[in-house]
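So that we are looking at the same thing, I have put the structure below in structure tokens.
Chain IDs A, B and C follow the sequence of writing; residue 1 opens each chain.
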């Protein structure tokens, strides 16, 4: 029946759109003697050009292997990748991120790296992130850490000193109080709920708490220290030094910052392009390290290149992944794209904007904590939002919300 | 007597019209402001002449592609429905064949089902045909419409039989009667169907959103939703994008106002 | 249908004429309905059966599905999110019905003999109808902005401190109803106007001779004569409201960030939930169960309306 439906549709298609349907199947060129074409799935349009450059560079040194860069926008990348993997048409090599990695590795749809590689050239946290049951599956491509972006104009107007490199939670709170100016509609910072990577996760680890146990089985949200890390933010809202959640729903913190309504914005190294490109922020911002709580901590994350388990060209795919993880590739990436993960290749990235203290993001690697993940990260990330929203609005105390979240998350983890 | 009351009527209607139009005026004004200008309290009424927002929309959206996709999709659906629905409607209204009423009932049953029920399997069909991210995907399922058959059948039933009989006596077969006698007579019905289909196709969100995720294959409706994904709450940019996307149908409406209104009216009164 | 009965004599006359025609006529009949018939079968009827089947399955992360019997339905009954979505959708649908009397009133005003500027008013009312719903939602999200939106700026001018309309659980759903009514009133108005113009003038003339005022005429003639149209509109708008998606999808965004809207629990609709489960979390078996529930909801409410129509719809 399914087949006949398909046949019928094909028939209709033939009759109605004879010309338009032609593109349905890709001609399998490049299959002639020894010539191989690899497909490479990526999601960031701003990196498409540099990815193509890397592909061309690879083909120069490996004349028998061509690479076709396929861009799928972030919003649909995972949906489409899943569909492609189930349909057996996944790209040979593609970008992977932390939250999705274990899902792909545990289902055996990506290929572990067989060859011994020197991983000491990448941040250890990222190597760990892409290791599942003792096997490494991907080579880190880039990395990002978090810092405090601040609006120098608003600091000057409030006559507040710029953040020092060794500032603490106490310093941050004092600064926040001084910067808040209800009369002008200016808040110190936006306690954003939707970006755990830039907000809650950092303060949780700074407070000495944790999101998930090292074995990925237990939630850390019932740890009092974790709750302290969350309270950091709800206190700011309660003190009206951050807009409330309703206001941040109507106007996102990024826009509030870019309209001069927020003095500070916790953001990633990837925000360089945004803030140097924006007309308002480009001559007003700089960046400082995150303040120190009980510990110093920042979340580190990075994209890795992985291979499809069902690639028809495993040897060539590995050659390409190895090339992408090499120093020359990282050098090229650092000139045009995000911070490369390869140790010692980041100087070009820092030098591109001498007016900003970008070194902050690199120094943070020393004390960075990997992005917390498990096999089905997305499931409990939804729970994080569902439960914490109620604490962010003040509907329930943060302790209560965190306890509910811990229980919900443990249920989900038990199902993994 | 009615002069004074006519003022009252005008006052009510003018107030309501203002409520209908004012949001659009505000949309235009905002689209020409910077973000910090748009978030000024109290607000300024004057636009700042910032055309950058429109440039940003074009940076993110392959607007030309999406415009073309939407036009082709709408045109394809309109042409397909007008042809196929009128054929079926003519058969149901005028030709006799065993099982006619049962089949018509089956057609109508599609109308009773909320369209979300079709989506998952349709997606599977498109996926197995390799049609995800293609024009076919957004056109083909839209070529067929139970509603169109129903609407046009009502029209055909209301047409006088004399011309048809005369043609038949001249030896015309069903095809000629359908094409040269019935279709010309049913023009108002066809126009109504065409206009409704155009409107629905242009504004359709769910199906294009699901099936075409590649920006170059998206329709304007889905593209606009994607713009929000990128620019979050950067309202001046969003206002610029939403204006560009909705302007074409508004323009068509302004030019074809009478047909639009008659078309809509036809759906309520039975043929 | 009544028309079939009407055409019978004609048909009988033809049948007597010859035996050849009915055979070929039947073949032509099938040929004429074939394109739409096949299309509906493949893209609509078969999918309904498939969705029904999927509602008894669970989908794996990378495709493939296994039969799980009634699991999805038991999960559905215990899922607070589904309960909220159904409640929100029903509330939205019920409140949205106020658009119908409003449209009748405006149509009656526009229908006044010799009124000038009808075209201008009609265009104004119709503008939101032809505007893309995504654009409408975006526009209202901005108008409703708690700090910088036009609505609150106007309220501030008269000394009222307005809420964050669509981020506040107390107002979000009502704010949504306003947008729904605002964008559909023009459509309903056009249909009512057509209905009014079909009412025989003699009725009004006779009433006027009896000394009935305009208001009396409106209640005694216009309203009863319009009741079948109103019934049609209420059926269509209830079905449409129960499928609310576009407005909510754009106003809250989709996926995880939507859940950070404090009013999300008041804005989530059945179709929005379906979208999330089918195409964001890829839980398609459960999503199928959700739309089957929607089908039942629509069927029940439509049936109830047909039952109630006897009480208020006048057929001449």
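Assume a residue touches a chain if its C-beta (ideal position, glycine included) is under 8 Å from a C-beta of that chain, and two chains touch if they have at least 3 such contacts.
Note that the coordinates shown come from a computational prediction; the quantities given were computed from them, not determined experimentally.
Taken as a graph of touching chains, this assembly is complete, with every chain in contact with every other. Chain pairs A-B and B-C differ in how many C-beta pairs they share in contact, with the greater number at B-C. Distance between chain centres (mean CA atoms), chain A to chain B: 39 Å. Chain B and chain C have Cα centroids separated by 15 Å.
Residue numbers of chain A whose C-beta contacts span two or more other chains: 5, 9, 12, 79, 83, 87, 185, 250-251.
Chain B has residues 39, 41, 125, 140, 143, 229, 235 in contact with two or more other chains.
Those residues of chain C in touch with two or more other chains are numbered 39, 42-43, 46, 145, 147-148, 279.
Every residue of chain C that touches chain A in the complex is listed here, in rising order: 38-39, 41-43, 46, 61-64, 141, 144-149, 163-164, 166-168, 256-257, 259-264, 279-282.
Against chain B, in their complex, chain C makes its touches with residues 1, 3-4, 7, 10-11, 22, 24-30, 32-33, 35-37, 39-40, 42-48, 50-51, 54, 106, 109-110, 112, 115, 117, 119-135, 138-140, 142-143, 145, 147-148, 150, 153, 156-157, 182, 186-187, 190-195, 198, 229, 232-233, 239, 242-243, 245-246, 249-250, 253, 271, 274-275, 278-279, 284, 287-288, 291-292, 294-295, 298-299, 302. Chain A contributes residues 1, 5, 8-9, 12, 79, 82-83, 85-87, 103, 107, 109, 185, 193-194, 245-247, 249-251, 378-379, 381-382, 385-386, 389, 392-393 to its touches with chain C in the complex.
Interface residues of chain B, counted against chain C in their complex, comprise 6, 9-10, 12-14, 16-17, 19-24, 26-27, 30, 38-43, 83-85, 87-88, 90-92, 95-98, 100-101, 103, 106-107, 109-110, 112-122, 124-125, 140-141, 143-146, 149, 157, 161, 173-175, 178, 199, 202-203, 205-206, 210, 220-221, 224-225, 228-229, 235, 238-239, 241-243, 245-246, 249-250, 253-254, 257, 260-261, 264-269.
Contact residues of chain A toward chain B in the complex are 5-6, 9-10, 12-13, 16-17, 20-21, 23-25, 72-73, 75-76, 79-80, 83, 87, 185, 250-252, 254-255, 258-261, 279-280.
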